[in-house]
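Letters A, B, C and D name the chains as they come in the text, with residue numbers starting at 1 for each one.
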Amino acid sequence: MRKFGVLLGILLIMAVGIFAVTTVTIKIEGVGSPADTTRITNFGDAVKIANNILAACDSPYRIKIETTWFQGGWDEYRKEYILAFKAGKEPDIRAEGHEDIPWMADAGYILPLDKYVKKYNDIAYYDVYPSLWDAVKFNGKIYAIPQDTEARPLYFRKDVLRKLGWSEEKIANFPKEIEAGNVTLDDLIAIAKEAVNKGLVEYGFLHRPSNGGFFTMMYYDFGGKLFDEAGNLIVEEKPLLNTLQFFKKMVDEGVLPSSMTNISWRSIHKAFVEGRSLFWFGGTWHWAEWQRVAYHSKLGALPESYEWENIGFALNPPPEKGGKPITMSHPFTYVVSSHTKYPELVNLLLAVVSSPKFLVNHALASGHLVTRASAAIYPSYVKNKFVASVTPMLKYTTVLPNNLAFKKIMDPLYGAVQAVELGKLSPEKAVKWFEEEVKSAIPNIKIVK
Amino acid sequence: MRVLLDNITKIFGKVVAVNDLTLEVEDGKLVVLLGPSGCGKSTTLLMIAGIYRPTEGKIWFGDNVVNDLPPKDRKIGLVFQSYALYPHMTVFENIAFPLRLKRENKKEIDKKVKKISEFLEIGELLDRKPIQLSGGQQQRVAVARALVKSPDILLLDEPLSNLDAKLRVVMRTELKKMQMRLGITTIFVTHDQSEAMTVADKIAVIKNGVLQQYSSPDELYDIPKNLFVATFVGSPPMNIIEGSLSFKDGNLFFLNPDVRFELPEDMKVVLKQERNTEEVLFGVRPEDVNISYERSGSQDSTSWLVDMIEMMGRELLVTLSREKTMLKTIVDREHVPSIGEKVNVEFTGKVFLFDKYSGKNLLCEE
Amino acid sequence: MKGQTPRGATQVIPKRAIYSLKRKKKKERRAQEVRGEAVTFSRRNEIISTIIMTIISIPIFLSYLWLFLSSFSAKMWHGLIPLKFTLHNWRFLWQPIKFGAVMHTSIWPITLNTLLLALAVTISEVLVSTLSGYALSRFRFKGRVMIQGMTMLLHAFPGVALLIAIYYVLYTMRLLDTLWGVMLVKISLEIPMSTNIIKGFFDNIPWDIEWSSFVDGCNRWQTWRYVILPLLKPGIAAISLFSFLSGWGEFLYIYTFIFTSKKQTLATFLNSLIGEFKFVDYGLLSAVATFYMIPTLLFFIFTQKALLQMSFGGRKA
Amino acid sequence: MEVKTSSVMGFLGPFLILVLAFYFIPVILTVILSFTSMDYKLSWDFTGFTNFEHFLTQSLTYKVLLTTFVYVALTLIFNVGIAFLLALMTTYFTTHENTAMFFRAIWLLPRLTPVVVYCLLWMWIFEPTQYGLFNTILSLFGKSSSIDWFSSYPMGVIVFANGFIGASFGMVTFSSAIKSISRDYIWSAQVDGAGDWQIIKRIIIPMIKWEIMYIFIWQTLSLLNSYVYILILTDGGPLHETEVWSLYAYHKAFKYMEFGNGAALSLFLVIIGIIFTFISWKIFGFRKMMGQEVSR
C-alpha cells in the first residue's frame, strides 16, 4: 500500500511536470553573406542543449525556435527591425553588426545585457576578448553578445604571381613583406599593372561592389581618424583625399574596372576564383564561401587544397614604406529585443550558443574568427590552417566606430569612391561633395583640413 | 466637267460593293445616285472623290483617267451627310481650310471665303464654332467649304439626311437652285427617291452594286426598267400583283383569282402571243387605281373590301383587299370610303408588267 | 454602306468594355480593310510605320522572350539564344532552393499567399466599389459632388507618398505584418478609381431600363439580378482584372509592412532572390519570374483584345 | 432619387471608411509628422519648421528637384511621344488590324507585369556585361566594349524603364480617341487637299487634344509619385543622379529613419498632387469631369 502510494506520488509529480511544461517560441533573425547561415543554424542544436538544461532544472519551460534569414541590404534590415518592433513582430534575438548597437540601444529597442553577462559569465563569457566587449557597449552598458569577428585580408592569386616569374619563396614571403611594411599600395598597383599588361588577368584589383567597412578601412589606412581627443566625430580631409586618389589611381592605371560598383557579387567572386583578377580586397569569410558556393565555372565550389595552391592572403599594405599594414574586424553580435517576453530563456540560449563548440562551428563554416579564448584552443579550430594563419592579423585590426551618426559618413564616403571610380568627379571635387553631404546630414561635424 | 465611270468594279475583301458600273455625267448636270443603303452608291461617290481606288475600270474626268489621282488633286468638293465640319475650327477656318492647305495668300483666302459665304448666306456665322450652328447652317458651311476652292465637280453624300423633314424640302430646292446658278457638275447620293426626283437631271438607280437604270426622273417614273426601280421610285410604292397573261378573243388579259384586267392595245403589240400562260407581275401605281361605289358594267371591276384608311394630308391612302390580293390606292378627300365597305376598282392609268423571275419590265424591249 | 465605323457605334458601347464585341471587331476590321483601298493610302508608309514599331518594340519583345527562354535553358549564347534545354531552373517547383548556403522556403505557400492577397483585393474591391458606384450614380444627396470630387483628388496622388503615415494607421489598427493590412491599403488605394469606373457603367444604364423592369414586374432584387448586373458585367470584369493583377503584383506595401517571411509573396520572394548580394542567377530568376507571370499572361492572352478596346480618359464632347 | 442619409451611408460607408483611414488620416498624419523630428525612435517630438528649413538649406534638395524635373520631363516626352506614335501607327497607318493588335498587345504587357519581374527584365536589358540585351545589340553592330548603362546613363535607364510602362496607357487612350474620329473628317480633309502630315497636324491632334492633355497631367502626377522602379533599379544612384523627389523622401524616411524629414518631403508631393488636381478641374471643367468618368 505504501509502495502504491509512493508510485502514485511519483506519477503525480511526473504528471504535473509534464503538464506544466510550456513551450515558448523564440524568434531569431540573421543576416550576412550566403555562407554565414551558421549564425542562425547553430541555434538548432543549441536549443536542444538549452532544453536539456531546462529539463534538468525542472523548469516548466521548453524552447522552440523560429528562424529567419534576411535577404536584402543593411538599410532594409534596419528598417525592418524598427517597423517590426513597433508592431510587436520583431525577433527576440537578432544578429547585428556591432555598429548598429548605438541607435538600437539609444531608441530602447534592445535590452542591456550586463545582468545576464554576469549571470552566465562563468560558463560562457569569462574569456570573451575584451576588445569585443568594447564593441558592444553603448553608454557603458553591454547591449549585445559578440558572436564572431574576422579580418579583412588582401587576397592574391599565387598562380598569377608565378606566371609573373615570382619564385615560390618570394610568393610565400609576400605576406610577411607586407606585414613588415616593405610593400606599399603603390607597389601593389605596379604588380597588378604588370599582370594586366601581360594579359595574365582581366582585372588587377576587385573590391566590394556595395557600401561596407572596406572603404572606412582604406581611410584608416591613409591615416584617417573619425574621432578627436574629446571623442567627437570628425573627418580628416587629407587622408580622405589620399584615399580617393588611391582609387582614382587604380582606375587610371587600368587595374580596377571603373564600373566596379556595378558588378554583381557573383561575377566578382567568379572572376577571382577563376584567376581573372590578381587581387581581391575581401574578408576571411570569403575563404569559406568559395568552398561552399559554386562560383568557379569548371570546378564549382573550390576544394580547400585548390585555395592553398592558388590563393594567398595578406594584410592590407600601408600607403608608404615602413608604414603599418591594416585590416578591419566587423564583429557580429546577437542583440535581444527589449520587448522579449522571456529574457531569461533568451539569455540561456545565448549562453549556450556562445559555447566554444558553436563558435568554432560557425567560424570554420563561414571563415570567421571566434570570440573566446577557450574556443580559440578548440582542437578543430587550432588544426585549421586558415584560421591559424589569419588570427595573427587581428594585431593590426581596426573597427568601425560605434556612433549613431557614423552611417551618415559611411554613405557619402562610398558615394565619393563610386564617383571617383566612374570618373564623374575628380578626387578633389569628390572631397568637396563628400563634405557637403556630411555637413548637411550632421550639421555640427568637424572637418579637419 | 464631264465624269465618266467606265466599267467600275469595287471589291472589299470578298464583298462586291460596286459591280461593273458604267455611267456618264454630263458637264454641268446634277446626277443623283439613288438606292437603298448598302447598295454601293456611297462607294461609287467615294471612288469619284478618290478616297477609294476602283478594283477594276476607269474613272474619267474630262479627257483624263483619274484612277491614281489623290483626292486633293481632283478639283472636287465633297459634302458628307455628317458635314464633317472640323469642330475645333471656326466656320471661317473651316471654309478657309482647303485654301490654306493650298497655301494661298491671306487676302485671297479672305476674299474667297467672304464671297462664298455671302453666296450661301452664312456671312454672319463666320466666327462661330460648328457646334453653335443649326443643322441647316452646318450644311451650308459644309457646302461652302466644298465650293470655296471652285471645284470642277461637287460631290454630295446624303447632304440632306441629317436635316429635319421640313428643312430638307427647303434645302433641296435651294441646292438645286444653287447648282443651276453655278452650273457645276454635281453628283448627289441619296436613298430618298422623292429627293432624287426633285433635284436630279438624271438619276442612276443602284442596287447591290449594280446599276439598274440611268435616266431622267420622268423616264424613271414612266418607264422603269425593272421591278426594283418601279417599286423604289414613287411614293406610295407601286402595287404589284402576281398573276398570268392570257389571250382570249384576241385580247390580252392579266389574270389572277382576284383580278382580271384587259391590257391596253399597245401592250399587246409589244408582248408576243407566245406569252400566253406566262406568270408575270402586274404593276399599277396607287394613283392610277380608282375606286367607285356602284357596281359598274365593266368586267374588270370587281368588289374589294376597304381594309384601312391612312390620312396623308390632302389625300387618303386606302388599302383594299380581296381574297389573296392587296391594293393601295389614293383617294381624294371628297370621296371617303369607310372601313369594311365594299367598293369597285378600276385601273385608269398606266399599268406595268414585269417578268416574275428576272423582274424585267416586259414592255421595254432592249 | 459606307465602310466606316459610325461615330456613334463606338460611343454606345460602354466604355472599358471587357467583353469582346464580335460585331464591332468585324466592323473595325472592315474599316481597316477599307482604308487599305484608299487612293491616298500608301503602302510605303505602312511598311515604314511597321518597321518603326518593330524597332521600338524590340526591347519589350526580346526581354519577355528572353525571360521565357532562359528559364528553360542551361546556357544562352550572348544571353539571347538558348543553347541547351533544361528543367533545372524550374526545380523550385518541387524542392526548396538553395542559394549559396541559404535555403529558401518552398514556393507553394508563398504562391498561396500571393493568390489569397490578390483574390481578397479583387473581391473586396468589387464589392466596395459597386456599392459606392451605385450610390454615386443613382442617389442624389448632399455632398455627392464633393465625394466625387474627392475620388478624383485621391486618384491624383497615389498613397506611396503617405507610406509613413499609413504605417502608423496600420500600427494603430494592429494590422502591421498582416496580409489583411496590405489588402486594406491596396483596396483603399484603388477604390477611388474603380468606383469611378463602375459609376460610369451605372450612368450608362438608363433609368428607363430600371423603371421598365419594375413595370414588367421585377422586384428590386430581380431588377438588380436580371437587368443591372448583366449590364454591369463588363465593368466588374474590368475592375476584377485590374485589381487582381495589382494585388498579384504588389511589392512595396508587402516590402514595407510585412516582416515575417512566412507572409512573403512572390514579389518580395523574387526581390529577395535578386537580393542585396546581387547573386544574379538569371536562369533561376527567370524561371521564378516566368512562374510569377503565369496568371498575368493568362489574363493577358484572354483579355488583351478587350483590354485594348477599353477607353480611358474623359472625352469632352 | 432623393434618399435618406442613412441609406446612402449603407452604400458609401465602406468606401468612406477606407478612404478616411488610408487617405485622409495619413494626409493629416503626414502634415503632423512633417513638424516632428521623428527618427528611429519613432517618437513624436515637435520641432516646428526645422524639417522644412533643413531641406530648404540643403543643396541636395535642389539637385533632387532638378533631377525630378529632368526625369519627369524626359519620361513624359518619351512615353507620351511613343504612345502617340504607336496609337497613330496602329490606327492610322496600319491597315492590318492584326498587326495593330499585336503591337498594342506587346506594349500593354509591361503594365500588367509585376513590378519586380519588370525590373528584372530591365536589369537584364541594361546588364553591364556583354550578356545584356543592349550590349549584345551593340556588339552585333561591331562595338566591342560593353557599356555600363547603370553608371554611365542612369537617367536613361530609369526614363526607359518607366517610359515603356507609361506608354501603354497613353497608347490605349489615344488609339481609341483616334478611332472614334469619324472617317468623314479624314476623307473630307483629304478632298480638301491635306496629306498625311497635314491630317495628323490639323485634324487628329486638335481633335484628341483633351486626351493628350489628360494623359499629360495624369502621367506627370504618376511620375512624380512613382519611385518603386527606380528604387529597385538604381536606388537613386550613382551619386544621387537618379534620386527623384519621391525616392528622396523614401530614403530619408526608410533608409536614414528620418521619418519627420521624409514626411516633410512627401508633403510637398501631396501639395503638388492637389494643385494638379485643381488645375485639371479647371481645364477639363469639374462638372464635366464628374459626368464623364475618368480613370487610370
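Please note the rule applied: a residue touches a chain if its C-beta (ideal position, glycine included) is under 8 Å from a C-beta of that chain, and two chains touch if they have at least 3 such contacts.
All values derive from a computational prediction rather than experimental measurement.
Both subunit A and subunit C are touched by D. Among the remaining chains, B is positioned farthest from subunit C, on the basis of C-alpha centroids. The chain pair with the larger count of C-beta pairs in contact, out of C-D and A-D, is C-D.
Centre-to-centre, using mean CA coordinates, subunit C is 16 Å away from subunit D.
Taking each chain's centre as the average of its CA atoms, subunit A and subunit D sit 41 Å apart.
Each chain gets one centre point, the mean of its Cα atoms, and the points for subunit A and subunit B are 95 Å apart.
Our note on geometry: subunit B versus subunit D, Cα centroid distance of 56 Å, whole angstroms. Within subunit C, residues 2, 7, 33, 40, 256, 271, 280 each touch two or more of the remaining chains.
Shown for subunit B are the residues that touch two or more other chains, namely 46, 50-51, 70-71, 82. In subunit A, the positions touching at least two other chains are 79, 86, 267. Residue ranges of subunit C in contact with subunit D, taken from their complex: 2, 4-7, 10-11, 15-16, 28-29, 31-33, 35-36, 40-42, 45-46, 48-50, 52-53, 56-57, 59-64, 66-67, 76, 78-80, 127-129, 131-132, 134-136, 138-142, 145, 147-150, 152-166, 168-169, 173, 184-185, 187-189, 191-193, 195-197, 199-200, 203, 245, 248-249, 251-252, 256, 266-268, 270-271, 274, 280, 282, 285-286, 289, 292-293, 296, 299-300, 304-305, 307-316. Subunit A contributes residues 33-37, 68-69, 71-74, 76, 79-80, 83-84, 86-87, 89-90, 209-210, 264-267, 289, 292-293 to its touches with subunit C in the complex. Considering their complex, residues 99-103, 167, 171, 176-177, 256-257, 259-261, 271-273, 275-281 of subunit C touch subunit A. Chain contact summary for the complex, subunit D toward subunit A: residues 40-42, 57-60, 128-129, 148, 150-152, 237-240, 254-257.
Those residues of subunit D that touch subunit C in the shared complex are 1-3, 5, 7-8, 11-12, 14-16, 18-19, 21-23, 25-30, 33, 82, 85-86, 88-90, 93-97, 99-101, 103-110, 112-117, 120-125, 127, 130-133, 136, 139, 160, 164, 169, 172-173, 175-177, 179-180, 182-184, 190, 196, 210-211, 214-215, 218, 221-222, 225-228, 232, 246, 249-250, 253-254, 259, 262-263, 266, 269-270, 273-274, 276-277, 280-281, 284-286, 288-296.
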